[in-house]
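Structure in structure tokens, see below.
First chain written, first letter: the chains are A, B, C, D and E, and each begins at residue 1.
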Amino acid sequence: MSVVARLIEVRAARRQKPLIAFNAATLRLGGKTIIENLDLQVRPGEFLCIVGASGCGKTTALRLAAGLYRPTSGAVTFEAEPITEPRREVAIVFQDYGKALLPWRTAAGNISLALEASRVPARERGARIEALLRKVGLPGHADKYPTEMSGGMQQRLQIARCLAQEPTTLLMDEPFGALDAMTRQGLQDEVLSLTQASETTVIFVTHDLDEAIYLGDRVIGLLPHPGRIGIELDVDLPRPRDQLATREHPEFLRLRRQLFDFIKATEH
Amino acid sequence: MSVVARLIEVRAARRQKPLIAFNAATLRLGGKTIIENLDLQVRPGEFLCIVGASGCGKTTALRLAAGLYRPTSGAVTFEAEPITEPRREVAIVFQDYGKALLPWRTAAGNISLALEASRVPARERGARIEALLRKVGLPGHADKYPTEMSGGMQQRLQIARCLAQEPTTLLMDEPFGALDAMTRQGLQDEVLSLTQASETTVIFVTHDLDEAIYLGDRVIGLLPHPGRIGIELDVDLPRPRDQLATREHPEFLRLRRQLFDFIKATEH
Amino acid sequence: MSLDRTKPLLLPLALVLAFELWARLTHLQSDSLAPPSAILAALATALADLSIPIATRDTLFAAFAGLAIGSAIGLALGIAFGISRPLDRLMEVTVEAIRPIPSIALLPIALIALGFGYRMEIVIVAFACVWPMLIMTRSAVRSIEPRLMEVSRALRLSAPQRIAKIVIPAALPRIFVAFRLSAGIALIVAVTVEIAINPIGLGAGIMLAQQALRADLMLAYLVWIGAIGYALNMLLIAAQRRLFGRAALAGDNP
Amino acid sequence: QTKIQIGCTATSDCASAMVAVDEGIFRKHGLDVEMTPIAINSNIPAAILSNSIQVGGPTSTVFLQAVDGGLDLVAIAGASVMNPTSNTAIAAFVRNGITIKDPKDFIGKKVGAPGLNAFLHVLFVKWLVEKGVDPRSVNFVEVTFPTMADIIKSGGVDAVLTAEPFVTRMSNAGLGSVGARYGAELGRTDPIIFYAASRDWAEKNVATVKKFREAVAEAAAIVNSDREKASASIAKFTKQPLDLVKATPPNQSEPNLKPQNLSWWIEVMSSQKMLQSKLDTAKLVLN
Amino acid sequence: MKRTAILWRVASVLVAAGFIAAWQLVANLKLVSPVFLPGPDRAWAALVRGFSSGDLAGKLIGTLEHMAYGWFAASIAGIALGALIGSSKTMRAYVAPSLEFLRPLPVSAIIPVAIAMLGLTQGMALFVIAFGAIWPIMLATIHGFAAVEPRLYEVARSLQMSRTAIIAKIALPSALPDILAGMRLSLTVALILSVVCEILAGLDGLGHWVLLSARAFRSADLFAGVILLGATGYLTSVAMSLVEQRLLAWQTAAR
């Protein structure tokens, strides 16, 4: 990249004022470089999807953005401030949903945790929990303990808890991994409508390429060992998106092909 | 079904001598009927896939077949004997991979557990662990602890441990749920070639309809509340299967449509 | 680094100084209290004339032997009760009724059956150590991730394999807590038996010092016992790290 | 050389045995004696029965209660007896702010005894009874010797039953005053402590018992005459500072013990309902 | 559900009865001198005698009081200290080592010191019992705090929960099985220490009864006291089990 082009890019980025920015972020864990020199800007209100082979560093990148890891060198900033701790307006959906739920609280209790954290008065909680459970397709399961729920139900419960936080930024790590196609599509549309309405910024990790393109404004493909950006695609598909129409859009199919080739090339 | 037809069917089933059979199996847990009157025969060497909406009872059915639950009424048999306990020749891949790994053992140690269980001499283990890790795409990760591995890597590790058991029957619960498309396809073919070569019987739970059809000899769709069979499709696609050719086969597309409609109808 | 090392000393030092000051100011006169300076002097003398080292050897021998026997029994029972619900329920009344019997009440019987000396002390220490091991091991085994127990069932691990490869490693951090607790109890019970009956070891030293109205010496013994217990605990933690590495410390360091 | 172990508490009562060890008197009589310190006097009967010690020095009360409880013990020689000196050493020490003019003044008071139903307590109760005071109107609690000063000072009890050197120490510290010299008022000369063994052992080792008696008799003379030697031996065995031991004369040693010497104790203890059976004095002492 | 629980309890009582029968056998065969080991028959007779004379009931109540107050104090202090040390590096550095120094000190040796400082009062007994009973609770709490699934701490961090909220909502419930096991141990320790305290400091209670019986070589009375202690231990443990079942319902749901 020429110096001039770089300069222009930098200016453009400034103008857009990224909400979350990785600036040459590097993370070493257990003696290995997991993420190297990652440069990435996430605009406010953007829906960014991250794909990549298993073990390439998607989760790690998300944890950096969440403030759960601090970069070994470089910086990760939120509204231009270095992130040192998770923030309440940023919600995280963990990949290992089974471990992220409190086993001693029922479904309702788990959602309530987020409401308690943001000091929602007790009498308001009931109705909001009810509404959230309905939103993720779990009405009538309020009194179940996580251990009494199926994998997909636990995953949806975790999403409900994150939504209860009313975050301005959502970091989601394979949130629909354990869901069947239909439930999944329903929740995709749910998340889309929620985030579009409130201009929520989303970083969404998935291994499903269709999902990434269907949801995202932009899709990033990571390369493994160490994790860095291998491909970056802007998704110029009209919104609101539609499960049938969007997926048949020629642009959708073109992007899908491109991503597929990328992922294929990263293996071996 | 007429009495005569039923009789013929029963005879046919006898002739085929099912390896695993559910006979009017019902399971109640925590006061609710999770599985009701399930009748299902799995032939030796068959690759049976189970699909269904989230929370419909797939995992529960698999646990019945594994002997981890005992039916409240009816019976689940293995080679015509009621299953009371898990058997060593039956391997189980759990859906919550994160919890099924021993956190105090490395990847190699976790695989070694299965070898120790079947009393493989210590000096043979090293090579077999090596080979298994390569098979699931984790060469060079032998010394990592589960907490140092990504979700997909943990999932593959669990599969490697099950293969180490050299089972004649494999019960797999969404084993590829956390994998990206490419890794997933690689493992699908790996599992297919392994099981076809050694005539392993497989019950495979997935929420990916394509996967179910691509892998299975037969696909069963469960209906929720309580779990029972809603659709049963024989997959008459030629073997060995091929990621490109098979998925473009008209029969594949027909079955896919059929399953999709079924799943769609079960929602709400 | 040097600050880290002094941190643990600050609180006790402050307390000791305060006590010394108070003792001086009030011209402390008591048959069971003495100013820290006097205690230290008595400790130094008793260390130098070998009376404390010899007593320490006797007490530690009895405490360790009892601890080894008692915690082995407690561990075995705790694992058995943790794994087998029926066994646990059958033995509940018996265990819960025997557990609260204070060995001090039965000392005369132990004395008549076993006489003075190590044997009686070891038996009583062992009796006292069984219970914390049993209770905490049982609860540790019960709270093992159920999925792991299913893995062991699915692999058809034999009972000894299951215990050696799943149950003990998974419960190890808690078992170690129980063991550390038991080690403290072993020391306490050994000294108590010596104070009450057995004319050997540190407890006998305390008893004699008390009857000789040597408060300084008695408190010197107490300080010494605290130091031994402290060292023992540090040793156990170090051993835990060294022997079991990650396994024993799973989640035990923040 | 016959080996025997003798168990005593840290008091001057077994001084004859201590002196006999230190002066080589036991050795002279062909006995190889080892002295074992015993924490609480009431442990002595059990220690004898377990053969941890062959000879012990129980107080009269402990011994009689043990025999009453069914332990087959027998007294083999006398150790210490009450005499005017030791009787004046016994006192009920009263804390500041309490005045005792009359035995009746103990009514309603909280009195600490170094052992309930033990030597000093039994004596005190006997004294109360003789003075016409109902012992049940006095509230007794247990207070060990080393904690007496602190408890008196803090007002935890109104009085303690104690003996020298504690009386002088507490007086000098200004913690209170002597409320009653009940030992002197009773003025008894009955045994405090005597040497006892299991009947089984005593009957099988007649010769050893004989040697023991001779040695103790020889040592008792020294105890009663040579306070220096006695104090040195006591200090050595009890590990008490020599000055402290010297401050009080040792209780009088009396190696001879006759069955009738025990009858006063039996009578007193029976009247205090401490004995359930009728004890035969002839069987209590080995002849 | 309820019925099977009762059946199990009955079976458990039968097992205990078996042990008592064995005891009777030992006593009848005079394997141990009856002076020291009376049979259950004589112990029972002494128990009945003790209650009918009214003495024993009062002693029992005394011991129960000591135990209850001591245990209560130990529980509160143990959980609070354990939580502080388990969740704060500072506390761990400054305070934990001193506590490790105090832990091995035998109560029998502490009592004279405690009497000197606090006098011969109920407060002293409370202090001594709590001092001895605090350790199982405290150690269990510290460990429970350290063993919380790290993902849950991350959840708490991302919800920006306050330190107290993290302790109350994440760490304590997660450590609850450990804490309850510790409290169960402490309950017995408190009972034992009440007895020890009564023996050594001459406070009124079963310990005193046991002491006087032992001193007077009335072994049947002594065992009557021991039986009462066993019964007390069993009943309190049943109460503890009920509480555990209540609080750990989520754990049984997993099975």
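Going forward, a residue touches a chain if its C-beta (ideal position, glycine included) is under 8 Å from a C-beta of that chain, and two chains touch if they have at least 3 such contacts.
Nothing here was measured: the structure is a model prediction, and the numbers come from that model.
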Quiz item: If you take the chains that touch subunit D and keep only those that also touch subunit E, what is left?
Solution: C
Self-check item: Turn needed to bring subunit A onto subunit B - CA fit, degrees, nearest 5
Solution: 180
Self-check item: Chain pair that, of all pairs, has the most C-beta pairs in contact
Solution: C-E
Exercise. With chain centres taken as the means of their Cα atoms, state the distance from subunit B to subunit C in Å.
Key: 50
Practice problem: Provide the C-alpha centroid distance between subunit B and subunit D, rounded to the nearest whole angstrom. | Solution: 84
Quiz prompt | Whole-Å separation of chain centres (CA-atom averages), subunit C against subunit D | solution = 36
Self-check item: Approximate Å spacing (C-alpha centroids) for the pair subunit A, subunit B
Solution: 29
Exercise. Scan subunit E for residues touching two or more other chains and write them down.
Key: 33, 36, 112, 115-116, 149, 214, 251, 253-254
Quiz item: In subunit A, what residues contact two or more other chains?
Solution: 96, 99, 147-148
Quiz prompt | Where subunit D touches two or more other chains, by residue | solution = 46, 49, 144, 146-147, 150
Quiz item: Every touching chain pair, please?
Solution: A-B, A-E, B-C, C-D, C-E, D-E
Self-check item: Sites on subunit C touched by subunit B in the complex
Solution: 145, 147-148, 150-151, 153-157, 161, 165-166, 169-170, 172, 246-247, 250
Exercise. Show which residues of subunit D lie in contact with subunit E when the two form their complex.
Key: 42, 45-46, 49, 62, 65-66, 68-71, 112, 115-118, 141-144, 146-147, 150-151, 154-157, 274
Quiz prompt | Residue numbers on subunit E that touch subunit D, as the complex places them | solution = 33-36, 112, 115-116, 119-121, 200-203, 208, 212, 214-219
Self-check item: Sites on subunit A touched by subunit B in the complex
Solution: 29-30, 51-55, 58-59, 95-96, 98-99, 137, 148-153, 156, 174, 177-184, 186, 207-209, 260, 263-264, 266-267
Quiz item: Where on subunit A does subunit E make contact in their complex?
Solution: 66-68, 85-88, 90-92, 94, 96, 99-100, 102-105, 113-114, 116-118, 145, 147-148, 165
